[in-house]
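Same chain, two partners: chain A is paired with chain B first, then with chain C.
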Partner chain A sequence: MSASLDWKRLQPGPALWVSVASVAGALVAGAGMVMLMGVPVGDAIAAFADGAWGSPYALAASINRALVLMLVGLGFVLAERANLTNVGGEGQIAVGGIAATALCLWPPVASLPFGLAFIVPMLGACLAGAFWAGIAGVLKVKVGTNEVIATLLLSFIAIWMVYGSVQSESLLRRPMTTSATLPESLEIPVATQLPLLLGDPSVPLHAGLPIGLVLAAVVAVVLGFTVLGLKLRAAGLNARAARRAGMAIDRLSIGVLCAAGALGGLAGACMLQGEQYTLKAGFSSGYGFDGLVVGLLARGSVTGVVAGALLFGFLRSGGINMEMVAQVPTALVVVIQGLIIVTLAGAALGIQRMEGRHA
Partner chain B sequence: MIDPELAAVFVGSTIRLAAPLLLAATGELISERAGVLNMSVEGMMLTGAFAGAVGSWATGSPSMGLLFGVLCVLPVAWLQAFLSITLRANQIVTGIGINILVLGATTLGYRALFGSRSRAEIPGLDKWAPPGLADIPVLGEHVFHQTWLLYAAAVLIFAVSWTLRATSVGLAIHAAGVAPQAAANSGLPVNRIRYGAVLFTGFMSALAGCFLSIGDIHTFTEGMTSGAGYLAIAAVIFGNWRLGRTLLACCLFGAATALQFQLPAMGVEIPNALLIMLPYVLALLAVGGLVGRQIAPAALTQPYKGH
Partner chain C sequence: MRDKPESESGTGGTATAPAAVPLLRIEGLSKRFGALQALQDVSLDLWAGEVHCLLGENGAGKSTLCNLVFGVHAPDAGNMHFDGAPWRPRAPAEALSRGIAMVHQHFSLVPDISVVDNLLLGQVHGVLDRKAWAAKLDTMRARYGLALDPWARIQDLSVGERQRVEIVKCLIREPRLLVLDEPTAVLLPEEIAALLAVCQRVADQGCGVVLVTHKLAEIRQVARRATVLRGGRVAARSDAPSQEIDALVRAMIQRDLATPPSATEAPNAAPPGAAEAGARHGGVVPPPALMADGLSVRDADGVLRLSNFTLMVAPGEIVAVAGVEGNGQSELGAVLSGMLAPTEGRFFLAGEEMTGLPPRVLTAAGCGVVPEDRHALACVTGMSVAENMMLDRLHRFRRFGLLDRAAMTAAARELMARFDVRAASPEVAFGGLSGGNQQKAVLARELTLDPLRFLLAAQPTRGLDVGAVEAIYNHIRAAAQRGVGVLLISSELDELLSVAHRVVVLYRGRIMGSCRADASERPRIGAWMAGQQEQFASAASSHKEISP
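Moving on to the complex of A and B:
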């Protein structure tokens, strides 16, 4: 029933129309709320556009944000194919950020040649994310723990791990020279920062972008054209039948969650090594849940993940500027997101019926 | 030797911190027993906390705030029920969606109503102690002197326990969550029972949220539930879908949180972050099967296609 090739999903079927209508409806509702707040809608939209794509810097910042959301969303879609719901993106970003910071600040890493100085921390972040999500995978397989609950709890733990690791000098906190020293890590050395694509700090697109795009293509190919993709789908549709057919479902489940976690960890590394350069408590705030929403909206399609990530990347950046310039709280963007999820979740049954009629 | 006064303060703050979890988890237990995994308990609590604070601030009466809190949560609960029961949407997705929606809406509402007057003191619920118990030295002041809502919660929870165990309503909830088809065949309106269960979760979560904002700290802060709803769900799982063990889990989580304030007072140096994450770690260990194999209601998260 569901098409395996992404291009098929782009054919204007009911799912696409309903998604577009839901996003449009939520945006209109957002505009209505702006009006209720007594802010001229024109001003709000101008501030929004300015922050989202008004300058090369704003555009690049939005794309960087979209990159992070895309990586988390890819992880969600990958696990979803095996009927596993990974809601732990936030925690996977957090452990990725911790691992990347620790490696970047470890002097031997910063002096590695051939760009390894920034590649090694990224790989470390992937491993950390994979390990973190793997815990949920092992629990699912060995004990039958619902992965939604496990990944969610792991997220809360990881968020507080970031907080803890920048509170103590014996961990990642920068040496306290004065009492005003903030609880954050040292800035990572230049060699470990992701190279800027245009070499120009006013357009902060970094090397994470091409890596992310390649990974998106890899995920699309794996899901659409490989035996592994087929196995994931079989495991997702009917795990018992797949196991009878001789597939190692347990290893597959753990593996796919680890892969999803690795993507989340990489997202954390991109945020840290590409933009923020210092680890702060709450650095991942909201990114993981935004990425989850992107994954949900995509309905299993990699193209959908890319589109959704761009949408939310722009929404968030524009929303932040709207708060600063037009005094519209950025929580408005959160409301819009919530509306989109709720309407799409509610419409799922209707979409299924319409697709059934068309097929 | 532990100072008795310090111990009494610890017990008192454990009860106070566990109270919202006790209320929310009891509510959540009902809807899970009826077959609906209600992830939106976090959003319902936040709505209750916000509406309770607004009602109390606007009328000057905390009791009116409590009423307003409950009234505002019911539409949220109805939305969860409508989406997951009537439209048969994925219960987890709708729950998370509602939580995000509520987080945004309450933050917007808070800014719109209170604006720069953030952290305004809001009239809170009165404290009360059962006569007799109040006069016990040390214990009376630190343990029994609590918001009256806490005592009301104890009565409510007792009523829920009795209803589940000894009435036909309890049996109907159980049937809807374990064997909906069989329940429907014997004439029970499965989906109506589930609607009722979700609305009841909303009611209990509203009380839990109000406890946070107008019972405990007398103010509202953005996103103030910060994961308490998820802890309530974890407590239900920890409790293996039984009320007694669920309540025990809530007290355990409450005690872990109370330690954050207690240990520094006792001169024990433990990183704050470790104590804040302790309830989540405990919950993870619980769902990880360290407290025995979990047996969920058979039809949990499965929509029922009949009426």
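Moving on to the complex of A and C:
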């Protein structure tokens, strides 16, 4: 029984081919829909490719999106191992964004040396995300609230908190100097922005990327090669037996949800400090939920999270450009995403049955 | 020892005319699970109207054979004929629709809903006519003596009662072939007698009955014919099993059955000095392994399940808790393993109060637990054997912050050898092991707890064969001789009389009486188990251990 070891999943098996086939199938179906809309398919594809990877800027933007999705997906997979379903990525991004903005705009932080100016807000965002998810964990352990409901509803509260915090000058709203000022925060100081990896604003890859990749490796190692990973698995498969065997299931549950929330919070910090620089209402626009889907499709595998995040990152970027250039609604991307989810989930079930028969 | 049709001579084969073809014919059946050859070329005929006992040690392939007949697994080779037609079931549903019903070793009941709802599941569509089904239950009671409260929730029933629901669930379908996979493992003596009578009556009505068991008394009582499996092959057959018990047992374990651990053995007759010291209230050195002081448990409905349970177990002493199942044993086990906080009372392990503390603390204090419900509490079936055997000591296999899988596997392999846990390798899934091997693995883990001061063993030999039972009790005796206090909860009176120094009897949550574990006390114990009041009165006066 080493099904949890990730290297097994790296080897091309039926699962990999099924994934590739379902993605390809969904893309072909998407092309068909473009045709039905009366848009030349060639134009649409060109616009999609242009937006997804047509320029260094587009490529970097896609990767930045993928980074956010990956962080949320990692959090999902981590909690899933303990049989906890964290659907609160969106809310964890939101509180992470708020915390990062508040810290970035606090003058003492911006003047910290040695890169601490951008690291401290990131850590703050992690803490905020961990706290937010931790609420769901404590509710689950103390009063038995289902974590799916708790994390989801906490998300809506957090989304509203972003909205609220940029409405009031006493909170994060920028001072109204002209009548045209939007409800959004000031731009964060340069020192608190994530350094660009290439130092070139036309390739906006930022320091969040290496941090995220390291964290992905850490999560993979923790799940596959540590005692903690084994404990999470035991807790997920039979919590009562794990408790009887002396594991502190309550602490483990809260802890793993906090870790998942911290990853979500970090995703928020990356979005704010790496790309947007100002906090506005609707700051996250669904990354948390897309990240949740990435985590779901990965079926417990960290490699799967990385692959899924890249796929969805490129899809989103290309789709946006397709709408702007070829007048194909971005909703098409959502349809394609949906198709991928349905076929992959169906295929996963099929493979599971096949394996079950062979076992 | 050849099987041939002779249904005309059957005691109750009156309902059906002597059949020319067997109800179920199995020819050359083989099945392999990974590295394990579970069945090899097994052939067997089963006639309508007979009770056919299937014997074998744990892991001999009995359950696998049943599962092939019932369509849970497909055979790798060989074929079956049911009622003269080729029989290749693809799913249990197919077996059910053809009139084959099976009671599995493990229950398939939905715990949250009532007995009658569990019976309805999968059998009716549209509007649920619960009253009609409750009435059917009454017919079952009248016909087979299987009494059940139709409106009770499964989760409130004892293991024995749940087993009864499973059996009723099958019988209500009026099957033509009834397969019972170790149904008596969880039943009490009088319930077993009733069940065997049920089997006989079902067979008399022309149904074929396969009874998987290792209890020799049952074979003697009901078996028309018997087949012994060993290592996945047919080791012996008998057309007159009641006269050939010894031969069957030899075939089953490939050795003569040693005199069952007898009640006159040394550790039994003379409890260790430590036990004497611990039993005296003044003697605090060494502290008792377990000191339970007035433990009471009320369930969600406010019913008193365990009432004022007071008991001391000295280091090195084995105290057995006897009683008909469902009389507070489960609650006692849950409290002492830290899974349930008592409503009242306290308990101490080696002098330290443990009331209401989590299992983690209890384990650290040296409390080993072999729980009654293995799958719910003792193991994670989806994980490997090694992972399960080291579940409570994973932290020992940490190297540079990573899990040292090689060391864990090696440690598990060593433990498996010591406790004779048979599996293809420590890496295979725990769920794939036979019930007996699973139990041995759990016992191995709990007995090697370091330190181990107190062992709670609830029904530790349930479903195990004779050889394994002996081995388990030898391990428990050895632990006691090392100074571990043992509380043994069991409904096997013979077993606990042979192992324990002292017996207390639970009846409706109360200690009815306590006596030395001696065969001569059997009548008293029996009376206590039945809850006889006059016996209780006399016992209470002579019962020194209760309530300081």
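Definition applied: the second predicted complex is superposed on the first by the 350 of 359 C-alpha atoms of A that agree within 3 Å, B and C clash if a C-alpha of one lies under 4 Å from a C-alpha of the other, contacts with A are read in each partner's own complex, and residues count from 1 in each chain.
Operating definition for what follows: contacts are C-beta pairs under 8 Å (C-beta built on N, C-alpha and C of every residue); 3 or more make two chains touch, one makes a residue touch a chain.
Every value quoted in this text rests on a predicted model; they were computed, and no experiment measured them.
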item: Side-by-side fit of chain B and chain C on chain A, or clash; value: clash
item: Which of chain B and chain C A:341 touches, first, second, both or neither; value: first
item: Which superposed partner A:160 touches (first chain B, second chain C, both, neither); value: first
item: First, second, both or neither for A:226, with chain B first and chain C second; value: second
item: Which superposed partner A:237 touches (first chain B, second chain C, both, neither); value: second
item: First, second, both or neither for A:139, with chain B first and chain C second; value: first
item: Chain B versus chain C as contact partner of A:282, first or second or both or neither; value: neither
item: Larger contact residue set on chain A - chain B or chain C; value: B
item: Touching partner for A:247 - first (chain B), second (chain C), both, neither; value: second
item: Stretch in clash, chain B with chain C, out of 38-46, 92-100, 128-136 or 182-190; value: 182-190
item: On chain A, positions contacted by chain B and by chain C; value: none
item: Residue numbers on chain C that touch chain A, as the complex places them; value: 33-34, 337-339, 358-360, 363-364, 369, 371, 376-384, 387, 391-392, 394-395, 397-398, 401-403, 427-429
item: Partner chain A, residues of chain B touching it in the complex; value: 39, 79, 82-83, 87-90, 92-94, 96-105, 107-108, 111-112, 222, 227, 230, 233-234, 237, 271-274, 276-277, 280-281, 283-284, 287-289, 293-294
item: Residues of chain A defined as touching chain C within the complex; value: 1-2, 221, 225-227, 229-231, 233-234, 237-238, 240-248, 359
item: Touch list for chain A against partner chain B, complex; value: 33, 37, 85, 87, 139, 142-146, 148-150, 152-154, 156-157, 160-161, 163-165, 167-168, 289, 292-293, 296, 329, 331-339, 341-342, 345-350
